[in-house]
Amino acid sequence: MAKTSRGVRASRRAAWLLCAAALCACGPRDHSVIIAVAAPLTGDTGAEGQGIKRAVIMAVEEANASHRFPYKIEAKPFDDRADPKEAVNVANLIISDPRIVAVVGHYTSGCSIPAAKVYARAPIAMISPGATTPEVTLQQLSPDWIGPRVVFRDVATDDVQGAAAAQFAYNRLGKRRMALVHDKTPYGQGIAEQFQKTFEALGGKVVSFDGISVGDRDFKALLTKIKDSSDRPQGIYFGGLYTEAGLILVQMRELGLKAPFVFMSDDGAQSPVLYEVAGDAADGAYLTTIGVPVEELPSAQDFIRRYKKRWTGASQDIKPFDHFGYEAAQIVLDALAQAGVPPDREKVLAALPGVRHKGILGETVFDDKGDTQNKIVTMTRARAKDRAFPSVR
Amino acid sequence: MSGARALLEVRDLAQHFGGLKAVDQVTLSIRAGEIAALIGPNGAGKTTFFNVLTGVYPGTRGEIFFDGSPIRGRPAHEIVARGIARTFQNIRLFSDMSALENVMVGRHARSSEFLLGPLLRTAAFRREEADIEARAKELLAFVGLKALGNERARNLAYGAQRRLEVARALASEPKLLILDEPTAGMNPTESADLVALVRRVRERGVTVLLIEHQMRVVMDVSDRVFVFDYGVKIAEGAPREVTANPRVIEAYLGQEAA
Amino acid sequence: MKGLLHSRRTQWVLLAAALSLPFLARALEFSFLTRVGGVVGLLMLLSLGLNVTLGYVGLFDLGFIAFYAVGAYATAILMRAHVAAPLAVLLAVALTVLIRFLLGLTILRLRGDYLAVVTMGFGEIARLTFNNLDALTNGPKGLQVRPWRPLAFLGAWKPLEFVRKESNVQFYFLIVAAVFLAAEASRRLEDSRVGRAWVAIREDEVAARLSGIPVREYKLLAFTLSAVFAGLAGALFALWDQFVTPESFIFWESILLVAIVVLGGMGSIAGVLLGALILGGIPLLMEATLSPQWIDYRYLFFGVILVLMTLFRPQGLLPSARREAELSS
Amino acid sequence: MLTQQIVNGLALGAIYALIALGYTLVYGILAMINFAHSEVLMLGSFAALGLAAFAPAAFGTGPLALAGLFAAGMLAAGALNAFIERFAYRPLRAVSRLAPLISAIGVSIILQNAVFLWVSDQSVAFPQPIAIRQIPLFGGAQISSLQAVTLAAALILMALLHFVVEKTRIGKAMRACADDLEAAGLMGVDADVVIAATFFIGGALGGAAGVLYSMSYGSTKYNLGFLPGAKAFTAAVLGGIGNVRGAVLGGFILGFLEVLAAGYIPNGAQWRDVIAFSVLILVLLVRPSGLLGEKLAEKV
C-alpha cells in the first residue's frame, strides 16, 4: 500500500513541478522586444542552426549598439532539432510569449511547413533563412490555410537554383549527359529534381538519379557505377549539403573521376567546411549561390569581418546559411522600425510585405506569397589553395 | 494386470537427437489412480521421456495414447488441456508474480474468457474470474501455502516453491500429474511432507507419475516402478520386485563404479 | 496497493486534473502547456502500446515507432483522398493492426535480442520506404493533411468558447480521452486471464506453455494489440500537426519508447505513464525554462538524467505492483 | 566493374567487421547490446585527431604517424569503454537485463552532445598519413592505398584478436566467462577483471575502426559513429551475435550487400539499407541464431 501511494504522490509531485516551472517560464514580464531564432541547435544539423543563431544574435547586438531603437531587443534561440514535431512544440512555445514579435526560422522545410501553421494562428511572422521547398510559402494559398499569411523567406526556392545550374551545365560547360545524386532530403531532392527538369528540357540527358542517405560516408559503390556507366556521364550534379558533397568529391577523385568530369552542387554545399571534408579534392567544383556572392559585395565582406571578430570559438566559423539568417534578422529590424513604439506582432507582420531591404544579399523584396524576389543565382568555382569560392564570369 | 483401465499408453516411443537415442523403444502404461515412479541413473532419459509426454519434444517414433486419444507431437498447451500437467526438475515458477497468480495462470486451460470479456467486464467474465480465484485459493490451501498467496514466487522458500509448482499444475485439473524430482534438494522432513502431499493428490483422483532419486521415497509412495537406463526401459513392477531385479542393480552399480 | 492506484477515485482525480490543464494554461496565459500535455499524451499512448509487448510479454521491440508512422501516413493519405476524418482514423488503425499482425506472424518465432534487431530493421525499412516511395508519400517533402477540428462544437457552450479556435485544446482533450481509454483497457486486460498469460510468458516461456498457454498465439495477440495504440497515436498526430514526414519517425524515437517502458517499470501502467511524463516532459520543460546560453545543453542534460535514473531506479520508477488478494476468507 | 565493386565491398566490410567485433565480444559475455559502442568509435577517431593536432609537424605522414593514430584511437576508445562499463553498467549487471541498455543509451547521448558542444559541431578534416595512390589490380580494377591499408589493418587486428582470445590467459578467461559467467566465477576467474578487459579490447577495436573510418573518408564528425554502429550491430547479429567469426563474416557480407545494392540495382543507392535489413530479416527467419550462431537448446 505504502509503496504505491508513494508512487502516486511522486507522479503528482512531478505534475506540480511541471506547472511550477511553467509559471516561472512565463513569470516576470519585462518590456524588452524579442526576436525568436528557431533552428536546430543540437542533433545532426546542429552546426547550421548554431550558425544561424550566431548571425541573428550579431544582428540584434549591432542594432542595440547603434541605438536605432528606443527599446532593447533580444534574440532568443529555440532548438527544433530539425524534427518537425519538435518544431511545432517550439512554435507553440514561441507564440506563448507575447514579447516575441517575429521569428527567424525554421531552418529545414520539414520544420517550417508545420510550424508555419502554428504561427498563422497567433499570428506572428516567420522568415525562414533555409527552407527552400516551394510548399513552405505555397501552402498559404491553399483553401485549407487557417489564418493570415505569415511565412516569408529570404532564400530562393529549389527551382531557381536547380534550373540555373542546369542551364550553366548545358550552355556554359557544354555538358550533355549528367548523373544526378541527391541526399533524400526535401532540399537536396527538390533541387536535383529541378535540375533534371531543366536539363532535359534543354535537350540534355540525365543518366542516373540516385538518392543517398545523410550520415552515410561510403559512396564508392554508387560512384563506381556512375564511372563505369555505359552512358558515359560527363559530370555529377549533387543536391545536398557540404558534408556529403565533400565525401563524394573525395571518393570521386579517389576513383579517378577527374576533369573534364565535373562536380556541381548547390549553395548548401558552398561552405568553408567543404574544404575540411574534401581538402584539395574540392578544387574545381561548381557551386551555385543565391544573390551576388557575399565575398564580392563590399557590405557582405564587412559582414564576414564582423562575424569573424564577434565569433572566435573553435567551430564558430560561418556556415552556409548564416547570411540568410543575418539578413532575415535585418528584415525583421526594418519592419520593427516601421512598426512604431511599442511594436507588436501585428504591426511587424503588417510591415513586412512592404520592406525593401538592401543588404548583404543584394535587395530583398517579398512577392505576395512571401518568397524573395531576389533570384539572382551566381555560379562559383571552388579554389582549394585559398579555400575560396570565386564567381565564374 | 488388474481391471483398472490404462490412462496413459506408450508404445515403442523414441526421441533421438541426431545420433543420440535419448529415449528408445519405450513401451509402458499407467493405470488410472495409481502412483507410478520412474527411476534410473542420471542420463537415463527420464526427463526427456517426460518432455515427449508433455509436448516439449515431438518424439521421433512411436505412439502415446492418453485417455484413448493419440497425443504424440501435439502442442504442449493442448496436452495440458487434455489433462496432463507437470512440474520441473529445476523449479520454473513465474517468479515476479504472486503465488496466487501463479496458480491462477495454471487454470488457463480450464477457462475461456478472451478479449471482449475482460475488456467489457461482462458478467460471464466476472463469474469466471471469481471462480479462478476461488479455486486457486483452494489449491494454495491444499498444498499448505494459504497464508503466502500474496508473496512473490521468487521470495518463497525452496520447499514452498516446490509445493507451489504442484498447486499450479493441479489448477489445470489434470488427470495425470507428472512430477520431475519433486523432493530434489529437500531435507527429510520436507520430503516426508511432499510424499504426504502426493498421496493427497492421488486421493483427489489424480494419477501421478514421478521421477525420483531417493529410493526411500520411491519405496514409500509408489504403486509401481519403471526403470530406465540409456533411454530404454529395463524393468517395471512393484517397488520390491524392481529393486531385486539384477539388471536394475547392475545399472545402478555400473554407474556408481564408473 | 493496486487497490489505491486503480481505485476509481484516484483515476477520476487524475483524469479531472488532466482535463483541467488547458484551463490552467489559459489562466496562466501560457498555451504552450496544452501542447506539452498533448505531446506527452501521445507519448503515453505509444508507451502503453509498447508496454503490452515489451512490458507484459517481454518481447523486445526496437522498431515500435514504425507503427506510429504507419498510422500517421495512412491517415494522411486517406485524408487526402477526402475520407472523413473519423473514418480515416479507424481505417488507419485497422491497417496498422493488419501490418503488425502480418509482421508478427513471420518474426515472432525469433527470440530475445534477435527479435530486437529484426524489429529495429523493420523500423528502418519502414522509414526509408516512406522516404523513397515518392509517388505515394511525397518522399522527404512530406504530406500535408487538411485541417480537422474535432471538438469545435464544444465552443457552442459559452465557458468553452475559446476551444472553437484552439486546435491544441481540441486535440488535447481527444488525446486525454484516448490515453484514459488505453490505460483502462490495459488495466482490464492485465487484470484478467489474458494479462496473466502474457506476464507468465515473460517470466518463463516454457513453464507458461506447459501450464496450458498457447504461447505463440498469445505473443501474436499482444504484438498485434499494441498496434491499436500506436496506430491511434499516429492518426491523432497526423491530424493534429497536419504534416507527416519521415524525419519524425527515426530510430531514436523507438529507443525513447523503450527507455520509457523500462524506466517507468515494465508492465506497470502507472510507471509507464509517469515515465512518459518525465522523459517526454523534461526536454520540453528545458526548452521553456533554460536560458539561451544553456539551451544547447538540453540533450546533454537529458542523457545525464537517463543514466542517473537508471542507476538509482534500475527496476523502474513504479515497478508493477502484484495483485493483492483477500486471503483470510 | 565487378572486381572494382568487390574491392569497395571488402574495404567497407572490413570496417563493419571491426566494429561488429566490439559488439559481439561484449554480447558474448554479458548478453548486452552496448549502445554506446558507436560513440566509443567516434571518440577513438577524435582522440587520434587530438594526437595529430599536438604532434610535431614532422610526424605528419608515413608509417610512424599511422601507428601513432592507431595507438591513440585504440587506447582512448578502449579506456573509455572500460570506464563506461565500470560506472554505467556494472552497478546494474545483477539487477536487470534491460537497465544497462538504457544507461548505455544515456551514455551515448552524453558523449555525442559533449563532443558537439565542446569539440566541434561540424565535420573536421582527418589527418592523411598515407599518400593516396591507385594500385592497379587485374581486370582493370584498382585498389587505392587507403583501401589497402584499411583492409590490411583490419585483417591484422582480427588475427591479433584471434590470438588473444585463443592463446592467452585472459582470452581463456574470456571464453570461460562467455560460456557461463557464474561458473567461471566459481572456478576462480575474477569476472570483473575479465569483463573490464573485454570492454577494453572491444573498445580498442572500435577505436581502430573509428580511425580507419575517418581516414578512409578524410573527415570525422560528432555523429560519425551512429550509422556504422547500427549497421555493424546488424552485421554482428547476421553472423550470430556473441560469435567472433560470425561478426567478421557478417561485416563482410553487409559490406558486399551494400555495394552490390548501390552498384547494380537501378536506383539502388537509396534502397541499399532497406535491402541490407531485408536480407538480415530473411537470414534470421531461416537461421534464427544467425549464420554461425549456435542453436539455443531449450533446457527443460
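A, B, C and D are the chain letters, set down in written order, and residue numbers restart from 1 in every chain.
Criterion: contacts are C-beta pairs under 8 Å (C-beta built on N, C-alpha and C of every residue); 3 or more make two chains touch, one makes a residue touch a chain.
What you see is a predicted model, and the numbers here were worked out from it, not measured in a lab.
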Least hop count linking subunit A to subunit B through chains in contact: 2
Chain nearest the global centroid, as defined over all protein CA atoms shown: C
Centroid-based (C-alpha) most distant chain relative to subunit B: A
Chain centre separation (subunit C, subunit D; CA means) in Å: 33
Rounded Å distance, subunit A centre to subunit D centre (Cα mean): 34
Subunit B-subunit C separation of Cα centroids, rounded to whole Å: 42
Touching two or more other chains - residues of subunit C: 128, 131-132, 206, 296, 299
Junction residues of subunit B - those touching two or more other chains: 56, 88
For subunit A, residues that touch 2 or more chains besides their own: 42, 46, 50, 184, 211, 213
In the complex with subunit C, residue positions of subunit D that touch it: 27, 31, 33, 35, 88, 91-92, 95-96, 98-103, 105-110, 113-114, 117, 230, 233-234, 237, 241, 270-271, 273-274, 277-278, 280-281, 284-285, 288-290, 296, 298, 300
Residue ranges of subunit C in contact with subunit B within the complex: 185, 188-189, 191-197, 199-200, 202-204, 206-215, 221, 320, 322-325, 327
Subunit D residues touching subunit A - in the complex, by the definition given at the top: 1, 4-5, 8-9, 11-12, 113, 116, 119-125, 128, 132, 134, 142, 144, 146, 213, 216-219, 221, 223-224, 226-228, 258-264, 267-270, 272-273
Residue ranges of subunit C in contact with subunit A within the complex: 1-5, 10, 17, 24, 28-36, 39, 128, 131-132, 139-142, 144, 146-147, 165, 167-168, 237, 241-243, 245, 247-248, 270-271, 273-274, 277-278, 281, 284-285, 287-289, 292, 295-296, 298-299, 317-318, 321
Subunit C - residues contacting subunit D, complex: 60, 106-107, 109-111, 113-114, 116-118, 120-122, 124-125, 128-129, 131-132, 206, 251, 255, 258-259, 262-263, 266, 296-297, 299-300, 302-307, 310-311, 314-315
